[in-house]
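Alright, structures below, take your time with them.
Here come two complexes built around subunit A, the first alongside subunit B, the second alongside subunit C.
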Partner chain A sequence: MTTEARTGKKDKNRSPVFTNKMYFFTIPALAFFLVFWIFPVLQLFYYSITNFNGINYHYDFVGMKNYVKIFQNGTILNSVKITLIYAVIIVVLSNLIGLGAALLLNTRIRGKGIFRTCAYFPALFSAIVVGFIWSYVYMPTSGMIASLLTMAGLDGTSFNPLGSFQWALFAIALVEVWKSFGTTMIIYLAGLQTVDESLLEAGRIDGCTEWQLIKMVKIPLIYPTITINVILSVIAGLKAFDFSFIMTNGGPGKSTKTLMFQIYEIAFNDQKMGRASAFSVVAFFLIIMITVLMLFFMNKKEVEL
Partner chain B sequence: MKLHHTQTEKESYEKMTPKVFLIYVLIVVFCLIVISPLIIVFSSSFRIPENQTSPLYLFTQFSLESYKRAFVNMNYPQEFLNSLITTGGSVLVVVLFATMAAYPIGRIKAKPARFLYYFFISGLVIPSQMVIVPIAQTMSRMHIPNTRLTPMLMFITCSMPFSVFLYAGFMKSVPVEIEESAYLDGAGLWQRFSKVVFPLLKPATVSTVITQGLWIWNDYFYPMVFISKKDQYSLPVGMIQFLGDKENPAQWNVLFASCILCALPLIIIFMLLQKQFINGIAAGAVKG
Partner chain C sequence: MKAKQLISLTCVTAMSVSMLAGCGSAASTGASATESTKAASQTPAQTPAQASAAASTTAVSTTTAASAAGTSAAGSYDTQALEKAGKITLTMMVSGTAYDNDFETKQLPELVKKKWPNVTLEVTKLPDDNYYTSLKTKLASGECPDIMLVQPMYAGSNACYSLADAGYLAKLDGLKCLSLNKDNSGMTYKDHIYGVSEGVSILGTYYNKSIFQKSGITAEPTTWDDFLSDCAKIKAAGYQPIVMGDKDQYVLQFGLYQLACSEIYSKNKDYDDQLRAGKTSFTDKGTWDHVLEMYKELYDKGYIDASQSLGLSASQAITEFVDGKAAMTFDGSFNAAALLAKGAGGDFERGYFPLPGDTGTVSTATCLSAGPAVYANSKYVDGCKELLDYWFDGQSDVWKAFTATGRNIVTYGEGADSTPNYALFKPFIALMQQGKAYHWSNQAWPAGTETTMEETFSEMVGGQKTTVNDITKGMQDKFKDLLDD
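The block that comes next holds the complex of A and B.
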């Protein structure tokens, strides 16, 4: 007791119960985090100015050559553009569908549980399994959509979204939406359950339509939930890799080479670790920039309400 | 919130007006569109591998031949065991380390604690592919051989940001007074943490186990990069070996059976613990 009291005296305005000794508890987590996450990020900067190939440790420093190369041959701008389009599709569709489904399921209807399960079910599957399933769905001629088109009397043989420069990116983004909107919906449902029923009742007495209630009462009240969902889907969108890797292999051409896919390809197919690291550094700054901007914008909006 | 929930459940259902009927139709059509690929996959997996008729004719044949072949191709018992060890081991360490880290972060009201909080969260935005080159070098420089352990190290690391964020959020709901009285009763720091705080964090632990367990079980990237021996493959990595079969329509029924087998353990767990699953996922985002 006496020793605790003394430490309590040493740093004022801190309770004797919660001492600085507690910081020792962070050591294991911090060790993992620093060694396998933060330290590698810092190493990226170092590798990005070398011509390291992953095998031979006698590499040279090449200065800014890697950066010049990726900007000159346009790979970085191409991937940034593709990743941003992908992220926008994910954010918009996943949130619109998720919120729409949550609003529909938040009414007093029968069989809510079954519908919720159906919508959430795709989220259980591994990306690799989802990739296989949707490769079949999109397959030309004998795939699910193509055969349905044929059955409906349309030309199913010309349906080949994954082989189209124009549609491949949208096609794989749609797969990601299919897999992720269920989780978004669950979070929206939880948010909607916190909306006070008496507020809605008051609105109904004042003669609000259901749409007005959604727009004027429910949406503003679940703003924190919208914020968290948008942030989560932006992060997921910027990490796009799985379906480019599994379903299209970046193609056709370069049309689905997202940032992460491009980094993986340069590092492991081309064995150019230095150039991949330069790519990663650029991606790192882009991601940080977007995240900071988003947090800034979202926080500001929340205060206004 | 619990009270509110039971209240709404007791309330009567909406009467069948045209508007309500329209909502039903909308939901049913939407759900059918969403799960139609899964239904087709499920039905085709029960066909014999040679059956090449259109998969759109549902449940025309019941045979376990495709499953038998998928079971052997995947070396299912071995891969299942590997997935179980990897996921179970990682989640266990994550729960222990993340609660420990969140304890001071959630309790101490000072700058270093707040810094640590944001420091951990910042890890959320970094994609695995971005740092895989230096991570692979770190592993080889630390002489960590490519075994089941290597991806586990990465799973634990990648789970830390979200888990610490979640636990730190939940820590607020554990009353300070309980701990203070434990302190007056002479409980040490570790005792207070393990006997008082940790049990009270159970909802956060459920949420962590579900959200982190789900992605670790399903992740193929780290095992793909770090595991070279076939007998150490987890289920998703085993599936990657079939990527070439995509082009061969003769393999589809077996492939579909493999897909179902790969997802089966999670489907069973989800069916058994549906409520915990849904609440755990929502709590993860709302509480934190």
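The block that comes next holds the complex of A and C.
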């Protein structure tokens, strides 16, 4: 018997279509999500207070020792520093180049479609392929750039970015920018479509130059798009692993050991799952903190029209 | 309407249950050693790999009888186990990349079937990284293959000693083939043997004989001073003496361990054991600081060009060598095929010698290779032992096919002196038989110590302010830290 028939009153919150039984349909997806995503993350917190080595299940609880150790020997400071530098480089370059390309390719030029496709092309390749090919581009003496330098008459033999302690990080960040600016460009293009043409006309009538139009009209109106792109780039930067792993393997020395790479190394090379879990927990809180701060800061700047 | 709802609900429930069944706890088949019950509460649902979840659904619980057999007193085993067993399937997992007419995945199962028609051997070959992860997952879920590949001593993720300590390996002391090998120490843990090595692996110095001739060098160097003066001659003749792919930092081990054998192990064979017991330290004067100084000298004098090598990957360095751009490179016997390939340098003759130290006698970093081991909780421990005894007996069909691949350097049995490239390796085996061969240092260290050594050494030769003392201190701190747990 329905509630209505029993009490004579209509339950305002009951929808005739979305009954309570509908919640059961979420069980498969929810169960999947819980078991394969949430549970392992919770396990991370559990293992971070043990000395589990990945193979032997006879581990002991060691309390906060893992956390103390990673702060003590400076590994986390080194990794955080490198990851933040990497993130800043790719956020700035990827967004600038993406925005520039979007502004250019939003104008009425012939072959716009082809140019947009070409710009997006690198994003389609897997990071492994891109990293592998670029390590031959950067190869000293016989690599692509070094050979071009020699052909142009400059000294090609001293060009060795992947072997340089100062430039290796910048070199691999550049590869990530090359791969990802297509994606940021696409999102900016979408954002630019929402800019009302009448506003730009009004601006032109008032005597604005193109640059003033961009600075005063277009960019403020696409702040939400900028927010999205910056947040996505920051998250991608903080999760940086692929190119450190493929191109430099953390080297030379320790100069490209990003957070995720360091976690991988501690877990699988040093065989210290417990220590790596502690590292992951710290990284987890760090990334959340940075992302929340950024979201908060950027949401405030959005312009309502 | 109500019937439809009921049917939908039933379907949903059925779907959820069937999905979660795969993650059921097979705690009784958990990877815990046979003694302890502490780890029994670990369920395989914890592993994110869906594959393992699916595997445990169709799991056949390994019986405790098999584990009892595995841990029974080492010594004789049932040498007719396979003949007596009915139709059975043995599983084996190895690491590496499959090649044409691959030995492990094609030839071995066929030959096993020929000898024992009732036995089917299933072999999986995975690239290194996949192999380690897969093995760990399988050990954790209790679904380990009967035979797996292990590395000697403490080397790597599938180290013999670590797996034996965790109780995953069966004792192999009764195997007859083991007595054919002079030295099984790399696979011996707490007085029991847990793995059968597939041969020996060598670290040495490959060289381009024609460049040596053009530089006026007539014989391989036998002392460190000879080696340095040879490098000087090569440099004077206009060639790059040594090329190394230091971007892949692990290659630093190839030269350093050869020197360690001459400078440290030949003077004190038990150095690494003493390290573990705390009686010596990496920072002791005259040990690793001496080795690091010697290797650094090669960079200081430009015999290895750090401005190039730090940007070259290992495979790019091998290409430089076969293209005839450098006279020497430090590498292992495992890379012989790549280094003997024909490159832009044409068909020059290669040589191979152990890097000499300054002690007067030449030692070599030649030691046991990885090899198969038997899973302690396998249902067919004795059967696997019989199979291994047949494979490594030095004369069976399997042995002959095994040596014919040319991928292993064996020291006994038929075909030992006719494996491809044997001429290159003969001097090293001779040194080994004279007792002048020692293990590769990282095999005795907890995994990760060598990473610190490689990192800090690259910093030093890369122009950062790191000194040799920083390196030895870093190694000691890391060693203590890793051993602590």
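Worth a mention:
What we mean here is this: the second predicted complex is superposed on the first by the 287 of 305 C-alpha atoms of A that agree within 3 Å, B and C clash if a C-alpha of one lies under 4 Å from a C-alpha of the other, contacts with A are read in each partner's own complex, and residues count from 1 in each chain.
Methods note: contacts are C-beta pairs under 8 Å (C-beta built on N, C-alpha and C of every residue); 3 or more make two chains touch, one makes a residue touch a chain.
What you are looking at is a predicted structure, and each value in this text was computed from that prediction instead of being measured.
Of the two partner chains placed by the overlay, only subunit C lies in contact with A:248; subunit B stays clear of it.
Once the two complexes are overlaid on the shared chain, A:35 sits against subunit B and subunit C alike. In the superposed model, A:69 makes contact with subunit C only, not with subunit B.
By the touch criterion stated above, A:138 is placed in contact with subunit C alone, subunit B being left untouched. When both complexes are overlaid on chain A, the residue A:58 reaches subunit C alone and has no touch with subunit B.
In the superposition on chain A, contact of A:270 is made with subunit C only, not with subunit B. Looking at the shared chain after the overlay, A:163 reaches subunit C, while subunit B stays out of its contact range. Applying the stated contact rule after C-alpha superposition, one finds that A:209 touches neither subunit B nor subunit C. Within the superposed three-chain model, A:299 lies out of touch with both subunit B and subunit C [touch as defined at top].
Taking subunit A as the reference, the larger set of touched residues comes from B, when subunit B and subunit C are compared. Overlap of the subunit B and subunit C contact sets on subunit A: residues 21, 25, 28, 32, 35-36, 39-40, 43, 54, 135-136.
Subunit A contributes residues 14-23, 25-26, 28-30, 32-33, 35-41, 43-44, 47, 54, 101, 104-105, 107-110, 113, 115-129, 132-137, 142, 144, 147-148, 151, 178, 183, 186-187, 189-191, 193-194, 197, 225, 228-229, 232, 235, 238-239, 241, 246, 259-261, 263-264, 267, 273, 276-277, 280, 283-284, 287-288, 291 to its touches with subunit B in the complex.
By the touch criterion given at the top, residues 5, 8-9, 12-13, 15-16, 19-20, 23, 30-33, 36, 38-39, 42, 45-46, 48, 50, 132, 136, 139-140, 157, 162-163, 165-166, 168, 246-249, 306-313, 316, 446-448, 451, 455-456, 458-459, 462-464, 466, 477, 481-482, 485 of subunit C touch subunit A in their complex. The touching residues of subunit B, when paired with subunit A in their complex, are 1, 4-5, 8, 11-14, 20, 23-24, 26-27, 30-31, 34-38, 40-41, 54-56, 96-98, 100-101, 103-105, 107-108, 110, 112, 116, 120, 123-138, 153-154, 156-158, 160-161, 164, 176, 179-180, 183, 189, 193, 214, 217-221, 235-236, 239-240, 242-243, 246, 249, 252, 255-256, 259, 262-263, 266-267, 270, 274, 278, 281-283, 285-286. On the subunit A side of its complex with subunit C, the touching residues are 21, 24-25, 27-28, 31-32, 35-36, 39-40, 43, 51, 53-58, 62, 69, 73, 135-136, 138-141, 157-158, 160-165, 248-254, 265-266, 268-272, 274.
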